[in-house]
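Right after this note come the structures.
Okay, so chain A shows up in both of these, paired with chain B first and chain C after.
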Partner chain A sequence: MPKTGFLFSIPYLFLTACFFVIPLLLVIWFGFMPPKTFSLWQLPTFTNYSFIFSQAYIKSLGWSFLLAICTVILLLLICYPLAFAMAKVFKSSATFLTYAIAASLFIPENIRLFGWVIGLMKNGIIGGTLKLFGFQTDSLLYNIPVILLGMCYVYLPFMLFPLVLGIKMIPDQVREAAFDLGASPWQVFSKIDLPLSMPGITIGSVLVFVLSIGAIAEAKILGGQAIVVIAADIETEFTYGQNWPLGSALSTLLLLATLSLVFFVLAKINLAKILGKSEH
Partner chain B sequence: MAFAYLPQENSIVMRNKTPKISRRNFLKTAALASAAIAAPTFLHRAWASSREKELNILCWEGYNTENVLGPFRKAFKGATVRAESATDDPTMINKLRAGETRVWDLINVNQCWARDQMFPEGLIKPLNKEKFMPYIQKMMHWFYNDKMGVNPFALGPNGELLGMMQRFGPFSFVVNTKKISRQTAEDQGFPMFLDPSLKNRYGILAYDNWNVMHLCITAGINPFTKLTEEQFATYSDVCKRIFAGAKLITADLVQMNQALVNGEIDCYFTGGTYTASPARFEGFKEVLGISPKSGPINGKGAMQWFEITSLVNNPNLSPLAEEFLLFVQKPEICKAVAFAEGTYNPVSQMSNPEVFKLFSKDELDAIQWDTLEEEMNRSVDYQICPDNDRLTAIYNEAKRTRSS
Partner chain C sequence: MQQPLAGCSPQRQNSTTTFQNPNFLEIQDLTKKYGSYEAVRQVSLTVNEGEFFTLVGPSGSGKTTLLRMLVGMEAPTSGVIKLKGSVINNLPPNKRPTCMVFQTLALFPHMSVGLNVEFPMQIRGLRESERRTRAWELLKMLHLDPNKYYEKFPSQCSGGERQRVALARALAYNPEILFFDEPLSAIDAQLRKILQKELKDIQRTTGKTFFYVTHSLEEAMVMSDRLAILRAGQIEQIGSPHEIYSYPKNAFVASFMGEVNLLDIVGTGNSFAFWELRRSRFLIHLPETLPSEQKAKLLIRPENLRFSSTPQASPANSLPGRILNEFLIGSRKQFHFEVESGTILTVERLREEPIPTPVNYVYWEPHESQILNS
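Our next item is the complex of A and B:
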């Protein structure tokens, strides 16, 4: 007789299969359909994959990975001190800060990025202000650093909030005991804070990485397509290119590459251990 | 025994026998059968009648604005009108290909798609010629004249009328006349962008399915003929040079105009009245759409577009679809379509004095009315290139590798 838990999970399993697994399988299957066709019922072919490897798509994929990795590293460096302050130092102001940062998520990403365009364009807010003091500057837009700036800005909350939760999990008594036993601030950070906040670091990093690898607006709006990211290539194939099978094949490759990297990293990190679960 | 309490005809014994046909049984069965037969018809009628006051439009921006839809809703009280806009033709057509012909009633795309793709694929259906020809016969001469008849892009292989023409305009490139004079731009044409002095001084408006044609023109190639390997090589070289020299690439015309006005770039590849008009209407008269005087397409080197709005081949087409096409022929609605939000464009009905008088001097200036005739005459129609797939692949590869 099936367990009650299993019976209760059937609706969830059904919904997951219908709205997550099947669409994903359809995308993978579409990647094997002949180029420039719109039907799923044809003989499968590897044409799309051979075309991908004959072109420079690997470069777009490389840019996406590089930008995602840089975003994760930069956000870790920016967010950790802030998260620490929000979790351990600030008291009532931490709540205000949380709301203020979370509020930015209610504004569409494109609008927020256009705000940066107005600030950074030639004779914009920064350039115009400097001009008043006699400094003539060119546009600060349309380069790779500004794309990174945009990505860090957009994905900051996704790193910050898991970090805050991770750091909150560190018991104050452990830190106090370490200080009482003569540990230096660096030792407390490296031996206690960092290992114990690893769940937050891992979750924040994976979240930001996965979101960043599919980022498209930053490279388009701020970067003026100084580089082409893989998500832009996929979008092109599904729109102007009218080549859904090629777009699907690119999506499948991106999915595989992302999953491989994420699972590789997660395999290196013992998530069960850092989450405090016992190993069997 | 439990069976003892059941009516006799429900017993196991009775089920194994041939049932007797009683009057009651017959009436019951007949009623059920009639209901089963009538149900689909009834449901279909219910579905059909529910679409009498519903209209779904797939269109470029403009037709989806309150200026256009508001008066229509007022004229057809109780009508639920939904309009969705996209930023490129293929995306809209792909929706129909994906099975949304049952959803949409009207589709509004550029001239080449109706005749060359949507009609042959059975995605759209012809209009009633008798009803719409009187309107077409009054349109500007590029859309109807005695010699040509109806513009061939709006006609099917057997003379079917595939849709109504309204917005149009030249589309080649745009300059800031404070930096590059109109005369210079028109004389030099697209090869101007290969001039080393313009390196990092221009943008590329990423309307990808347009740019392949303009890049061919830049390379001195007619994009509407089959290309030789040598021409492909030339085209590839031009693509790489154009991408390498671009300061920015964006599909956002506002961002491009902004860069042009604030001096970040001197010109952009590609654009026209459609993209320049919002900036011009705001008073930046230095933003000017250019139609080169000559080029490789039978001597012409500029391009133009016009939109065709067609009836979707919806099995349950809303009767409001035709009504909408008639409605947008009214002078005040023609004006609303021309000056809808986002971009401003001439409309084919401007040959009608009742329509023309609704445009102010500033509005006419924004759409470059004074030079429209000569620009349109210099331009060729937007078409699908015979080698479009290969040209697009080379174009995308050049874009991807520009930063190397």
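Our next item is the complex of A and C:
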């Protein structure tokens, strides 16, 4: 009988190998091919990597990391109170809010971002309204805060919903017990709510981080020429640059950096221990 | 039939204890309304210092609401809560010198047993060494070996162990009064009995005032110095377990005690009453007179009913019928005696007591029954 488990997993192993593992390995392998070639059957070389480190790509990578980290922090600050209210305070209106926020996901990201462009451009919705009252403003677009605004706006649901679920899992009586044992509201938050909602915080943060480090539309549409993010560099190499090996090497580097950061954070936050399930 | 309600229980071993402060916790006309629904109606009672006081009521009687008002998690609509003479109505739970052991225990799942117990002391700002010493003492007192349990997590403990951790944590807060919201209801019967006695023991050794809430009168009887019976948000009776058992104020209290026989009787103006059934009518000799046409309940305890083959001489009451079922309950035997189809009396005799053959009647003396208001 123990063999059947493996047998049943074969279709999934096959799917995973074909559609996830092999393409990923191909990208990594392509990164070691000579520049501006399109064949996989050549001698591997480090030319692409040495080129990357001699150029300004690190700057793009830095921008991507910075924007992603800022997005995660801002969204944590914005979403935690809202998630708390949705999980513990609002009763039926929480469902409405959930649908309202999820509904925005039905519209493609770049269309929503162009909505912001209309709002923020010179003589746009904001500028035009201000003009009626005699205030002349320039375009509010094409700077880093606006990119951050766009990223927070687009990735808000991915932080909010894991947080709501995480906070919902905190038993009310546990919070009451802490309060009853003398803890101030702030102490209840820091000693009970925060550690117990860590699973939601972790999942939301990882999700938003991974999504926003690969984000490209916000920087392009709202940021214009303000900065170049790593995803834009990769796109350029695969399209205009026609340099697939360099694009692959950049992708591999991004993947490596992201994975190491995520695993580092996950290792620091021992979810099992937080939930009191550590087994010795 | 009415008994004085106040006073401490005389029949217990701690009758020697004189309570230092008879009005330790005072509740006056406490009321809680949710819209037009009154969950708690004008409840007044006092708890003595160092007493084990229990509030008993069926589910929906408002006992949890009352308890939540006492610990400060629910604001009363009207009424006064006084602790040691000062009004505590408006103190939030974290400022009240009271503490509650929850039905779910509400242990902190992300902290070890030791840190759970130390939590209230950490909040109060005690030094770590001091906290640790006290936590070890408390765990030891509650029969949890600190060497083994200090590092364990609540999820690694059994139900009974978690129970003790919750109690240790509450004691670590050093409250004036400890409140308990049915903490034993999720525990199997055997362990529950052990924990009930342990709880009583701890109450006596610590000298703390315990205010316990349960739906089980049996549990309340085992542990309490005094108890109050709550029904639909109102107090029906307050007294020692002995008083409640011997002199239930009405049929509700009596029926709450479990399997007792309550006969619907109608008075005749003298010491006789009619017990009307669907097909027959019996004339019952009462312990006292009952006004004509007045409806009442006659309480006869199962242990006061005896079997016979022939009717007994007056003034004993004999009812004909047959044994339907018998159950062995430890040292006693319980019988279901059918007077008429659908009307069953519960009879309890000692296990080794001989039963007459054939059994044609049950009988009791009038003084063994009590007339109660329904």
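Convention: the second predicted complex is superposed on the first by the 275 of 280 C-alpha atoms of A that agree within 3 Å, B and C clash if a C-alpha of one lies under 4 Å from a C-alpha of the other, contacts with A are read in each partner's own complex, and residues count from 1 in each chain.
Definition applied: a contact is a pair of C-beta atoms (placed from the backbone, for glycine too) under 8 Å apart; a residue touches a chain by one contact, two chains touch by 3 or more.
The structure displayed is predicted, hence computed values, not measured ones.
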| item | value |
| --- | --- |
| First, second, both or neither for A:Q173, with chain B first and chain C second | second |
| Partner chain(s) touched by A:Q242 [first = chain B, second = chain C, both, neither] | first |
| Between chain B and chain C, more extensive residue contact with chain A | B |
| Touched partner set for A:F38, first chain B, second chain C, both or neither | first |
| First (chain B), second (chain C), both or neither touched by A:P195 | second |
| Chain B versus chain C as contact partner of A:A183, first or second or both or neither | second |
| In the complex, chain A residues that touch chain C | 171, 173-174, 176-184, 187, 191-192, 195-196, 273-279 |
| Interfacial residue positions of chain B with respect to chain A in the complex | 88, 90-91, 93-94, 97-98, 203, 206, 208-209, 247-252, 255, 258-259, 262-264, 389, 392-393, 396-397, 399-404 |
| Complex contact set, residues of chain A against chain B | 36, 38, 55-57, 59-60, 117, 121-124, 138-139, 141-142, 220-221, 224-228, 233, 236, 238-242, 244 |
| Chain C residues touching chain A - in the complex, by the definition given at the top | 71-73, 92-94, 96, 98-100, 102-104, 106-111, 119-120, 123-124, 153-156, 169-170, 173 |
